[in-house]
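The two complexes that follow have chain A in common; it is paired with chain B in the first and with chain C in the second.
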Partner chain A sequence: MSLSNNMNYPLELSLTKSYEENRGNIYTSPHPSISLARKNGIEDFKKIGLPTTKLEKWRTTNLSDLYKKEFTIGDNKPVFNKEINEIFHCNVHGFNTNVFALLNGWYYSPEEEQIQELDNGIIVGSINAAQKKYPELIDKYFNSLAKTDGNGLNAANAALFTDGFFIHVPDNVVSEKAIQLIKMVNRENNTMINTRNLIVLGKNSKLSFLHCDDSINQQPGFLTTNTEIFLHENASLDLYKLQNLNNNTTLVNSSCVQQKSGSDLKINVLTFNGGVIRNEFIVDLIGENANADISGMYLMDDNQHVDNQIKVIHSAPNCTSSELFKGVLDDNASGVFNGYIYVARDAQKTLAFQRNANILMKSTASIDTMPFLEIYADDVKCSHGATVGQLDNDALFYLMQRGISESNAKLLLMYAFVTEVTNKITIQPLQDSIDDMVKKRLRGDLSICEKCVLHCSTPDIPVEFEIDMSKI
Partner chain B sequence: MKEEKENENILEEVTSSEYKYGFVTDIETETAPMGLTEDTVKFISKKKNEPEWLLEYRLKAYRYWLTIEEPDWALLNHPPINYQDIIYYAAPKQKEVKESLDEVDPELLDTFNKLGISLDEQKMLTGVAVDAVIDSVSVKTTFQDTLAKHGIIFCSFSEAVQNHPELVKKYLGTVVPHTDNFFAALNSAVFSDGSFCYIPKGVRCPIELSTYFRINAANTGQFERTLLVADEGSYVSYLEGCTAPQRDENQLHAAIVEIITFDDAEVKYSTVQNWYPGDKNGVGGIYNFVTKRGLCKGKNSKISWTQVETGSAITWKYPSCTLLGDNSIGEFYSVAVTNNMQQADTGTKMIHIGKNTKSTIISKGISAGKSNNSYRGLVRVSKKADNARNFSQCDSLLLGDKCGAHTFPYIKNNNRSSVVEHEATTSKISEDQLFYCQQRGIDTEKSIGLIVNGYAKEVLNKLPMEFAVEAQKLLAITLEGSVG
Partner chain C sequence: MLLNIKDLHVSIHGKEILKGFNLSVNYGEVHAIMGPNGTGKSTLAAAITGREGYEITSGEIIYKGKNIIDLAPDVRANEGIFLSFQYPVEIPGVSITNFMRTALNAKREFMGEAPIPAGEFLKRMEEKKKLVDIQSKLTNRSVNEGFSGGEKKKNEIFQMAMLEPTFAVLDETDSGLDIDALKVVANGVNALRSEDNAFVVITHYQRLLDYIVPDFVHVMYDGRIVKSGGKGLALELEEKGYDWIKDYDVNR
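Right, the complex of A and B next:
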């Protein structure tokens, strides 16, 4: 792999320039080890540059047009002048969450609430504030999982992140209420925003975390997020990622997870809209009897592009993992799935499954799917499958024969196709509202919301297909 | 405990089993000076008395080769290959062209007898026409007369260049261009011989055609080239086998196989690859970097690859099909076995371009010892390939806890009316199956043989009879008793 790069793209130059100019203000970190990480990040970035299709991992996602554009990089901290509730409303019926927000790359709260300890001992807040208040936690966890790994965007993120979200759940704390993070962008020009999150779950703790990526206006933007997640012994995390961005926005997510023994991870990535969305997850199972269950759904149309790179590393024996991704691609949309199961030499008794299924609605849509297995232990059961096809003609005929219009029959079948993923959502009100969103999205009614994605759901008036059930 | 020990003994026995084709034949050879320069290319071309256009083709390939780098994307580990440390041309010294087997160097005949492909015996008993390539030069082609009666051309590549230059010129490099990849460029520059086959319109080749490749001389690389053209409505079944002597240094083998099928033609290409795999510590063995590709040019044409890969220290091989003609069919059946320190990165590419094209991929990987066995395959459905259909199944079996089995499928689909399915599993021999066999009085060693053979049956069944027997024996030798 050749990593030589001559910094050819305007974005590469403006990224390095931005670091030089702003390292005294928005890129300062109170914690010395983070300052060092920033410095290393920019050095790495200068060496490797932005990822191009020459890299194996980036062959299927081409961002070179984006790199040629002029971006305003980073942004000053917005002044807190409106309550979060005034900016967005979350009306999921029966779903009670603690809501937090990031606006334009900064934690959005009154100054005194930049980091707070909730009643049950959970610490939530800005990653910058955490550096000051909890340096020992930052020392222990920050930057210990995230790697540059030949990926220039990760290196740039390490150097140029402005702020991010921090959660620490102490040992034995089971959070009743889910934590919801709304990430919003509201800028008038081409802005690149880099954020950095850290989530730590102590022993025997439990948390549901809902992470919403939303854009507010139709302005083009480029967002990168690096997230590090630590699950200690027997911890359990349900992570939902909702992605509903405008078609001019590019989002590159990179998450590294470390799981100790007995821990349980559920990730659900729900991609509804977005110009280019790339989700990378690297989950390392380092303790025995850990389980990782990663699923995702994408409904793309127009010229949208979605790329899911999911790597599960079985470093310890007796762990289980599953990857299930399903998608419907319409118009000129393109999709990429690269699942990767790595079973280390001594990780015996591993059970790992991987499946990707796609439906192409038009011949202009395309899908690249790469379900990989790399296995070095013999007493394992691993399987993977991938399919690409169209809707089942027999099923379509069956429905139409019973008086359901072709368009409705197609909707019904597509809906049935993705429910395998949405049914994995364990919080019932959330599942209901996501279900509604899927229906709306398939009918083309769901454009990006001005506020939280969940706002568009009104479970009291469920969206139904125009189907007369008595005819079936 | 006792059983475990027994198993260990069996494993020991098997892994230490000698490579039975590891002899060297003392034949006088004529070689080119070591290393690769434009002069080497010219030397080979001159030796073969080649026309100007072919030399030009070689030089073009050589100049292109200089500009590119060896690929490193495969899951293979080997010290860098020094391309100046190889003899690019080694030919058994021949005094004159021979008319019958009696005139062939007896040492050479002996070699083939040891290989179990006694040329004359085969001629009598099995009715397989054989073209034998030793080091880099084709030494004998049998059954010329029978084939000539049907208008079939089956000869060494150099003969084809002399006798049928128009055919060679027309088809050479049309399926695998010299710019295809690093090893294809190298082969295009220095290929020394190989087989050429042309089946005329409407002819169903009555006998199976076979090429045997053998590297004999030390420090040489073998770069042969096979070109197979099946004209409209024709059919041929083609077999290929390979062996090499046991040596401590690694030897390079970089071959090209090109197949073209026209309307309604069918080619069945079977390989049993048994190059010297190196010893159990990974010393020596052949580096096998091969480019094989078939072009289904005509409507309703079909190309079927079947391979049994048991040899070579390193295998880098992706027999592929470009399905250009409407309704054309591509098939790939593979059993790849690796033991000791062997590494294999093998698979296929199915490129669907024509309408209603179909492809099937069945790959069975078996790894034992400290070996690594990867399947790497691409299925691409282009925008115009309406109703294309692919089914892939890639299973891996792990024998022992020090080996690796990997699967890297790539699926690129651009057509909504197509259906592409990929399935894969990785597991070890099930204890239940083993117990079931043993319970019926079959010992461990035989049980494993039985299970592995059953596991690979789907592919072995696709082999022509003579090869199927050989392949099953090879499987038994490589794997007997290596219980996980």
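Right, the complex of A and C next:
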């Protein structure tokens, strides 16, 4: 095997080596088309290497220090020896949810439940298991949206993912229970975990999906997740992403969504903590009267970095989209918002809005915000805007004149600033939990490691989330 | 004496606005401060409440026997100083209920008291809302967000009623009010008047003083008080305007 000149970083070498060494075991896919995709992925990766700041899309997110570190790539499948509800017990009142888990990049369940059909016909489980049991669904959807797109991490993910989460909601099924995926990593060394998800919503179906990324220790990690989401005619998906990772962890998410006519997508990305977090969403509105509402909130401090890359493609007429991202950055934290709206020539009567607002608490914090419109249709209504500022001094004085201390007044204003995003959460108990987390995060007492993010809500309820590390 | 301001000089960005301001206020008194635009009335309110950017170059503000010029705004507030803002600030995302509870508990903590029990707090809210004729739905909304001019001013008086200050400055509380709202606001203030507190009412017009009857009226011009008198002075000003004041020799 010869390596091209692009393989400069230790991580690039480890990734190609890991593929060569393990393609016979953990990188073996039951489905031939996926095996092929893995092979193509590694070939692409060898050509382009890991993304650096030389690429326009990565100009403001520099991962080169990370690429120099030694990582264990992937992990073996953990043995399931403890019931999921013994590991964590959800205690949020009135929040009706089915909980599933990925542990160290693998779907965590008893062997016979690696993929299962719920009472309402929804199929949930491991993407690997789905390849065996539902090859026709894999044929139809898998890898049809995700593209390397010049991004070596996408290529590496395609080649080196271990497992991932699969959801299929049949036509006309409205899920009353939300589906919650808790993605946990508890490795004791530097580990890179690559996962791959596929979510398909049939015609007229409806689902709320909560995707939580949690660290359960302080070990460094590098996580990549690629997700493909298909919304058929009139389908409706509420997607919540909760990110509460330790400061040594880098998370790179890439999600591609395809929306058919009349479908409705709501995404809420809630970034509470993490070393480097990058969220990329590419949403393609291919059917008429589809709507995409993408919002996010980030609360960063220390040397944390958050990067939200949102691309909405209006391919069909009469669609609407809106983007609202708000964040508070403190200390040396840095942020990036790249919002891109593309309106194709035929996409008349498009309504597309975009807004990014930031508060910088210190002069050492920074944000790169790049709202961007590219419009080829002539009968559209589009707007974009970005603000970067400090807390409103008039408001601060007003609160202090009523006796509220400066530090509490600042907390109250930061909290108030992001409620515009958190108020979009339609599941009330979830909104209450998130509200509570925002307050805790701003006060500096949000624990990131020993609790699932959802379980630290309502203070009068004891937290009952425990992981016995010795037994996993 | 509750408040004694002695030879106060205040500058903004190096420009002197208050030029030797003197005022004494006793418990139980209401003082009106009138005067043309730009004479330093709002600067006085800012100096008393400790707003950033207002530099006190000399003089003292003695409140309850202590010079307060080095105290932070929140400490002054908790000591019982309240300002009804000329332009109340909109704070989206903070409900009035949450705001008032936080403020009230800050004061109680300052006084070494336990936080107010929820039931007692709600009872107090209801009671004080009636005082200024505030609709219930307003207190669930964000502070001042989308409020009309009248609602904002009523909300100021409502907050004053909730916090029960010892010394309150009402900075042009009458501006932007129709006559009905003016009466409501004035009735609210009158209901709070007692022997244990005092008010300074800053206004351009005599009209407010028909409803909040002051014990003293002061006329400010060019950074100091140039004439003081009883409530009759306000009527004289209404009749003559401010021009004659400008020629008034303060040292005569």
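Keep this in mind: the second predicted complex is superposed on the first by the 451 of 472 C-alpha atoms of A that agree within 3 Å, B and C clash if a C-alpha of one lies under 4 Å from a C-alpha of the other, contacts with A are read in each partner's own complex, and residues count from 1 in each chain.
The rule we apply is simple: a residue touches a chain if its C-beta (ideal position, glycine included) is under 8 Å from a C-beta of that chain, and two chains touch if they have at least 3 such contacts.
Since we're looking at a predicted model, the values are computed, not measured.
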* Could you say whether A:T419 touches chain B, chain C, both of them, or neither, answering first, second, both or neither? => second
* Is A:N96 touching the first partner chain B, the second partner chain C, both, or neither of them? -> neither
* Asked: Is A:L373 touching the first partner chain B, the second partner chain C, both, or neither of them?
  -> first
* To do: Check whether A:G385 is in contact with chain B, with chain C, with both or with neither, and answer first, second, both or neither.
  => first
* Residue contacts on chain A - larger count, chain B or chain C -> B
* Asked: So, A:N393: does it touch chain B (first), chain C (second), both, or neither?
  -> second
* Classify the contacts of A:A365 with the two partner chains as first (chain B alone), second (chain C alone), both, or neither. => first
* Is A:R402 touching the first partner chain B, the second partner chain C, both, or neither of them? -> second
* Where on chain A do chain B and chain C both make contact? -> none
* Asked: Which positions of chain B touch chain A when the two form their complex?
  -> 72-73, 75, 381, 383, 396, 398-428, 484
* Structure fact -> Residue set of chain A touching chain B in the complex reads 1, 56, 345-346, 348, 358, 360-390
* To do: Please give the residue numbers of chain A that touch chain C in the complex, ascending.
  => 392-395, 397-406, 408-409, 412-413, 415-420
* **Contacting residues of chain C [partner chain A, same complex]** => 49, 51-52, 72-74, 77-78, 82-83, 85, 88-94, 99, 102-103, 106-107, 110, 142, 159, 163
